[in-house]
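Each remark here refers to the structure printed beneath this line.
Lettered A, B and C in written order, each chain numbered from 1.
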């Protein structure tokens, strides 16, 4: 496999969503024609592998091969009925009580990195993610409407001990600013 | 490539998070031994391709290969992750070469309390923490996939001087045991 | 070159704990870790403890623990026949091992620093083929959420209340001890070591410091120490009644 088709695979894998040929050409700093050639090569090399190249309009993306579709359907079913578990519930509760909240703040409150958990909560439609109005490079998370409805509350303010919890977290976050100066 | 290693690749791509051998065995309804064989095959077939398999204890995770590193870094314009201080680097090394390791053992080697540093590394997602299988009241720390990925290696065995350091650690351990015996 | 520069550097350098300080001292002299190198940095180590800023008083106990082991090592190097208990021998070997291990980890941390972030392998940014649809688990219920947030609040690290200044006795410096030794030798020609150090009343480290001071004096020829039997009292006697020639 040439370096180019290799790099295209890496990019498509990394993005894991549809990318236009134009974008690819820009990212790789090569002509669109070259990209097309690379894609043909990639397609060939993916024969008999776990992922395939899908072309849709002028975009391309990687997807699981058709032999795995039954298996994935089965697993999706199983995952749907799965409980969230302690760690996810804790993350979800922070989003409920302190939204909109950035991932870094959730991480700081929990003391561990929460990226996988948040991704999962997003897929399950429990939280929404949008650009932070204060900083366009980051995102903030908040509970979805469906979640509030499911919990039987009309707004987060109706959560048990809402104000008390908010105040406690706020106090802790204020320490953060002080601590940050002492932790190297 | 056999059907199995194919399906493993598809599953790992679809899950897009670390997956344990046990989970794979359950999802695929095959023995763990078979999964291991399938993974070896997958690893081989990924040589000279756009993606690599990162292995950690009994968990695996797909990532882009190192040849694409510069390219993606440029695209993400990822701000250089904040420099790691001397204490953080020292703690990371201990976790990398001696994992899984308890905090008390890290403290003993460093001669200082490491809880602040460890919490910081956990929040940054560079270190994982889990219950000590030998003692459910304590935790053990190990390098995260994120850390291995940031070092550009697919397993701890590829750390700089890995064999040499393991031998050194082994010597220290033996001497310490001898020492303890003479005291006791 | 400015002669006061190293002094200035010592004052501003922040050491992360006693092992960091000790290893730095050994490495600064480009020495291998051994009883000889440790004995040679003992005085400097104790000097550093005396210079520790006020805020780290709480850590001082840790520094003193290591200091007492260092003093043992030094005593042993000055007096090879000095009988040490197995515990003492154990803590000496233990200290050496700890330092060696830290040295290895520090060496590797430089290697880690070189490669960190240079050649990052990237994970998928998105989860492919996932349709978002509302799918709460069985356990997404208000009471579980309440319990979860309670757990979160409970595990928040407690505010870092500055530790009340621990009243750790300031370790006696070698120089102070030598002064006191000399004064007392002048007043009593003969005294036993346990009289002098007030063994049992003061910290173990003081005993050792005074013992070492004694050894240094012996070396300098200021006093003569005699020990009749293995565990007998050490008797010291002054050679001259005049001012001893130490600095």
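Throughout what follows, a residue touches a chain if its C-beta (ideal position, glycine included) is under 8 Å from a C-beta of that chain, and two chains touch if they have at least 3 such contacts.
A quick note: this is a predicted structure, and the numbers were derived from the prediction, not measured.
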Centre-to-centre on C-alpha atoms, which chain is most distant from chain C? A
Which chain is in the middle, if each chain's centre is the mean of its C-alpha atoms? B
The distance between the C-alpha centres of chain A and chain C, rounded to whole Å, is 47
Using the average of all C-alpha atoms in each chain as its centre, how far is it in Å between chain B and chain C? 33
Cα centre of chain A to Cα centre of chain B, whole Å, reads 22
Residue numbers of chain C (touch at least two other chains): 122-124, 126-129, 157
Multi-chain contacts only, two chains or more: what residues does chain B have there? 13-14, 16-17, 62, 64-65, 68, 72, 86-87, 119
Okay, in this complex, where on chain A does chain C touch? 10, 13-17, 61-64, 72, 80-86, 89-90, 92-94, 96-97, 109-111, 119, 122-126, 144, 146-147, 150-153, 159-161, 165, 168-169, 172, 175, 179
Listed in rising order, chain C residues that touch chain A in their complex are 122-130, 132-142, 144-149, 151-153, 155-157, 159-160
Under the definition above, what is the set of chain A residues touching chain B in their complex? 1, 3, 5-14, 16, 27-28, 45, 48-51, 62, 64-65, 67-68, 71-72, 75, 107-108, 111-113, 115-116, 119, 183-184
Spell out the part of chain C that touches chain B in their complex, as residue ranges. 16-20, 59, 62, 66, 86-87, 89-90, 93-94, 97-98, 100-102, 104-106, 108-124, 126-129, 157
